[in-house]
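Okay, so chain A shows up in both of these, paired with chain B first and chain C after.
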Partner chain A sequence: MNRTPLLDVKHLRTRFPTERGEVTAVDGVSFQVYAGETVGLVGESGCGKSVTSLSILRLFGKHSGTRLEGEINFEGKNLLTMSLEEIQKIRGNRISMIFQDPMSSLNPVLTIGDQIAESIIRHQGASKKAALEKTVEMLRLVGIPSPEQRVFDYPHQLSGGMRQRVMIAMGLSCQPKLLIADEPTTALDVTIQAQILDLMLEVKERLNMGMILITHDLGVVAEVCSRVLVMYLGQIVEEAPVETLFEHPKHPYTVGLLRSIPTLEGNRSEKLHVIEGMVPSLHQIPQGCRFAQRCPYADRLCFDQAPDLTEAGRDHKVRCWHQDKLSLEGGMELAFETRERRETLSG
Partner chain B sequence: MLLKLENAVKRFPVKGGCFRTKSEVKAVSNLSLSIAEGETYGLVGESGCGKSTTGRMALRLIEPTSGKVYYKGEDITAYSDEQLRLVRKEMQIVFQDPYSSLNPRLQIGKAIQEAMNIFRIGEAAERKQQVYELLHKVGLQREHYDRYPHEFSGGQRQRIVLARALAVSPRFIVCDEPVSALDVSIQSQIINLLEQLQDELQLTYLFIAHDLSVVRHISDRVGVMYLGHLVEEAPTDELFTHPRHPYTRALLSAVPHPNPKRKRERIVLTGDVPSPIQLPSGCVFHPRCPAAVPACKEAVPALKERLAGHRVACHLAD
Partner chain C sequence: METSSVTITGTTTASHARGRRSILIRRFLANRLAVTGSILVACIALVCLLAPLLTSYDPLEMMVQDRLKPPGSSHWFGTDDFGRDVFSRVVYGSRISMLVGFSVVAITSAIGLLFGLYSAYYRRLDNLLMRINDGLMAFPAILLAIAIMAALGPKMSNVIVALSVVYTPTVARAVRSAAITVREQTYIEAIRALGGKAQRIIWRHMAPNCLSPLIIQATFIFAYAVIIEASLSFLGAGTPPPEPSWGNILNDGRTLLKQAWWMTVFPGIAIMITVLGLNLLGDGLRDLLDPHTNKAKR
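And now, the complex of A and B:
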């Protein structure tokens, strides 16, 4: 691709102090987002996907002691070296964020109209009256019926789906170039989720925004994203266009994730695939490959040395020593052979 | 039939407004279903459709406003507290959130043993040994006996909760969203465990969930609820291949598929679920139904058997 990316994250590292010492929640993450594309960031709880998104807008408390390293270039400027005033001009304006739980992200004592108008007044210097008109227009855009009355409603008067629409309206009110959506539909029912996803895609097209969608739901990723980043324990383990990822996943973790979800078409009598064990704590990051303990293919090399994220094909990157040897079909036999060896190695 | 709900109704009174106007949330309306021994009955629906209330009524954790609950042919709604206490030994429940279902100050071994103490199962001295066996059965180790809940991950806690439910050797377990708080890789571990335990111990499950793929995987029969009504019920394969109720169809089409090549043919429902305080007239689904005809506003459709084992509540299903 010759185009310049809208967002270019380079070697991002985010560290927090905790009672048991510092943890590195995001460890050397690099990726790009181009205008008009939707990048999915997937992984299980604790993999660092939300921290990555918070790092982009530096949404950490001043006294939290969070340390950010690397570069986050947006429209040619590094967000990590900006002053607080500068980044405040970008938050909610050029880059917007939508969170999972619309109830706790809205202020319960302000009307939804006031909350949406706030960023329009602040970033675009609009008068109160003009901001209100714009707000009504935004609410109409996100499909809220009779928006002229609804602007005076408080969050508790709306249903979950409607509140999420308000959050989207708020996120889009200044026509951002980049929208970061952190599990935007996880708290919603499937029929409402379908409405909200359709809405987000439609608005993305209209505004030619870039979008980062953070989710643990691979079904949502398959339907909405054009490119996917899979994270595990603070690192990207696989990056690929969505079709490639679902058809030819190369990292054992991605393969495991894809196989362990029941689908509406799968064979019901078959047992579900299981990834053995659980995600290690950030305090005890294994040396070598971080997935080795749970990986059916791991050998001595995996336990000793950490693999890099390397090219595995067109636009396809994988962090695995054995990516060339692994294929979905032959995987299980290999797994059986290596299991015993793995136990001696990890024990 | 091991468990049967007959015309079960639950209404919760709501006191509201400054004049204490009384209204009612009609959580479950006239619901009848039965679950055979050894079967897994999946109950699906969106939040607020009354599926959890139904699960709780089946155990009489919530008293039905009217209607009957039969367990092994006996009407347990007529049971005294003592009779109920004894039958509860055979009926257990596992909740969604394993964090809040365990006492943080109680070692997990003791938590599991508690139910055995209450029902005086086995000799007191043998109980610890039985707890070890239960821990092993759910995939934990005996060293875990004297640890506290905070030392475990979500998936492990759900295993502990299961071990505790199994401590009294139940025959019927209501699983209320048992995997929805878990990560996908852990979710499959727990689903496999539930299936394995069912085979070993001949358990009967009422499996309540909003995730249709999970319900399809684990259930033998599935019931679909909408606004307190059971709108469709069928054997799993039949329901997922030939859904007859427009709501079931919309629900199935809304599930995102983990296959980017699949063309979406979504039936997007407009609007929100109406308030259960003021149910729509006639068929409760008619305001959102893409196929509604005037008759739908008038009469409530009965849940009628259209094919063997396939019941549908829709005027247009004929």
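And now, the complex of A and C:
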């Protein structure tokens, strides 16, 4: 790809003060998003996916003490060095965000029309009447029936799926170039999930937007993403085009995630694969590879030294010392062989 | 085509709004105490508005030949030691109580809302404002009110100032606690992600969500204001005589309690009815508007 990326994140580092000292929730994350593509950001809870997305729009309170380092270039400007006023002009206008829980993402005391119209008036300087017309049009675009009447509804009059459509309409009302969707379908029924994903893909095509989809659902990733970033404990551990990731994963963590998906063909009596152990606390980041304690392949090198993110193929980057030895098929046997050794090492 | 769609939307909004409103009204009407409270408050408000129509006596007019007359057909509540009509004085006294109550509620609500919202939104300001609040709340209400009155001098407008100072912290607290909950809601984060500015978030998105506790609090403050105004006037630190206020009528009657019980009983009943009505109304509104009690009832 030789086009210039829409969003270029370089060595992003996000730190928060906590009662037990400062933690680095995102540690040196770099990635690009191009116009028209969907990038999936996956990982367990607490791995830094959401913090990464909040960092892009700098949605941390002024007094939260959050420190952001690195560069986030969007359309040639660094979002991290902008004034608050400048970034407010970008939020909701050039970059929009959709949140996880449509039940609590709408203000209960304002009509949905008012809420959608608000950002149209704010960013495009439209009159109230023009904004209302645009709002109706947006509601129609996201597939809400009889939008002329629905604009006057309050959030409690809509179902969860409808509310998520409203959130999407709000996010898209100013035709942003980048849409960040933070688990947009997690709170929805499976049937509605598919509808919402289809809708998001459709509008993405129509507006030629870039999209970052944050999720822990690899099924969703397979369906909609073109490229995937796997995060673990604040770092990217694997980055690959979606087919490569599913067919030739190289990082043991990715392998573990893929094996944890239940399949329809699988033996029901067989237990689901579980990645052993817990995500370490951000207060006690291991000095070697961050995944070593839970990794079936870890050896002395892994516990001593942290690997870098290295090229493992075309558009494929992995952060693992043993990436070449691994394959999905051989994983299971190797896991049993190495368990004993790992216990002696980590103990 | 255009016009027809507009009319359709117009009616649906109205019917939605009416639907929700009628549910609220029905639930309010089902609460008998709240209805009693609002009837009492409405009666007092009417008395206060229609005062000149209810009585033919001037509350300040002294009729020496009619001193200390017991309640009867010409003077319903009797007369005091200057021969002034007690009924007329109690009726006109309601105006002072209502005026003080209303003004105090208006001032404390406005300032309390401002302080509450800003201290919920701006953490550093919060520390400053809430410490001032704590300081003011550390004094018992009546003592603080007396102290302020002593400094300002007995005058009705000063009573309003004093009570506003005394009760603003209570409102600010209630609004702040509601606003902190609202501030952490996803919809506020969503608005920020859509480029909303601080002032707009505070006033358009947070303020309406904090009104329920404010309204409930305001009703109770109205009741407290009536009581404390009466207390201050009784102590001679409130509305100065000869202006009739329930508190100073009580004080006039205090020394004559054995000869003329009517001078103390009737203003006392007036205070009781007003405060009872406001408290019942406040309880009713709390049942209706407070989400926690709502859940418990369903």
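We take it that the second predicted complex is superposed on the first by the 346 of 347 C-alpha atoms of A that agree within 3 Å, B and C clash if a C-alpha of one lies under 4 Å from a C-alpha of the other, contacts with A are read in each partner's own complex, and residues count from 1 in each chain.
Just so it is clear, a residue touches a chain if its C-beta (ideal position, glycine included) is under 8 Å from a C-beta of that chain, and two chains touch if they have at least 3 such contacts.
Model, not experiment: these values are computed from the prediction.
S.K.: Under the stated touch criterion, which partner chain does A:Asp153 make contact with: chain B (first), chain C (second), both, or neither?
M.R.: Only chain C; A:Asp153 stays clear of chain B.
S.K.: So, does A:Val274 touch the first partner chain B, the second partner chain C, both, or neither?
M.R.: So A:Val274 only meets chain B here.
S.K.: Chain B or chain C: which reaches more residues on chain A?
M.R.: B
S.K.: Looking at the overlay, does A:Gly161 come into contact with chain B only (first), chain C only (second), both, or neither?
M.R.: In the superposed model, A:Gly161 contacts chain B only, not chain C.
S.K.: First (chain B), second (chain C), both or neither: which does A:Glu118 touch?
M.R.: After superposing on A, A:Glu118 lies in contact with chain C but is clear of chain B.
S.K.: Considering only the touch criterion stated at the top, classify A:Ser260 as touching first (chain B), second (chain C), both, or neither.
M.R.: first
S.K.: Enumerate the residues of chain A that count as touching chain B in its complex and touching chain C in the other.
M.R.: none
S.K.: In their complex, what parts of chain C are in touch with chain A?
M.R.: 5, 8-9, 12-13, 16, 20, 122-124, 185-197, 204-205, 208-209
S.K.: Once bound in the complex, which stretches of chain A touch chain C?
M.R.: Residue list for chain A touching chain C: 57, 59, 61, 63, 88-93, 96-97, 99-101, 104-110, 118-119, 122-123, 148-149, 151-154, 157, 167, 170-171.
S.K.: Where on chain B does chain A make contact in their complex?
M.R.: Touching chain A: residues 46-47, 153, 155-156, 183-189, 191-192, 195, 210, 212-214, 216-217, 236-237, 240, 250-262, 264, 266, 268-270, 272-273 of chain B.
S.K.: Applying the document's contact rule, which stretches of chain A touch chain B when the two form their complex?
M.R.: Residue positions touching the partner: 44-45, 159-162, 189-195, 197-198, 216-223, 242-243, 246-247, 256-258, 260-266, 268, 271-275, 278-279.
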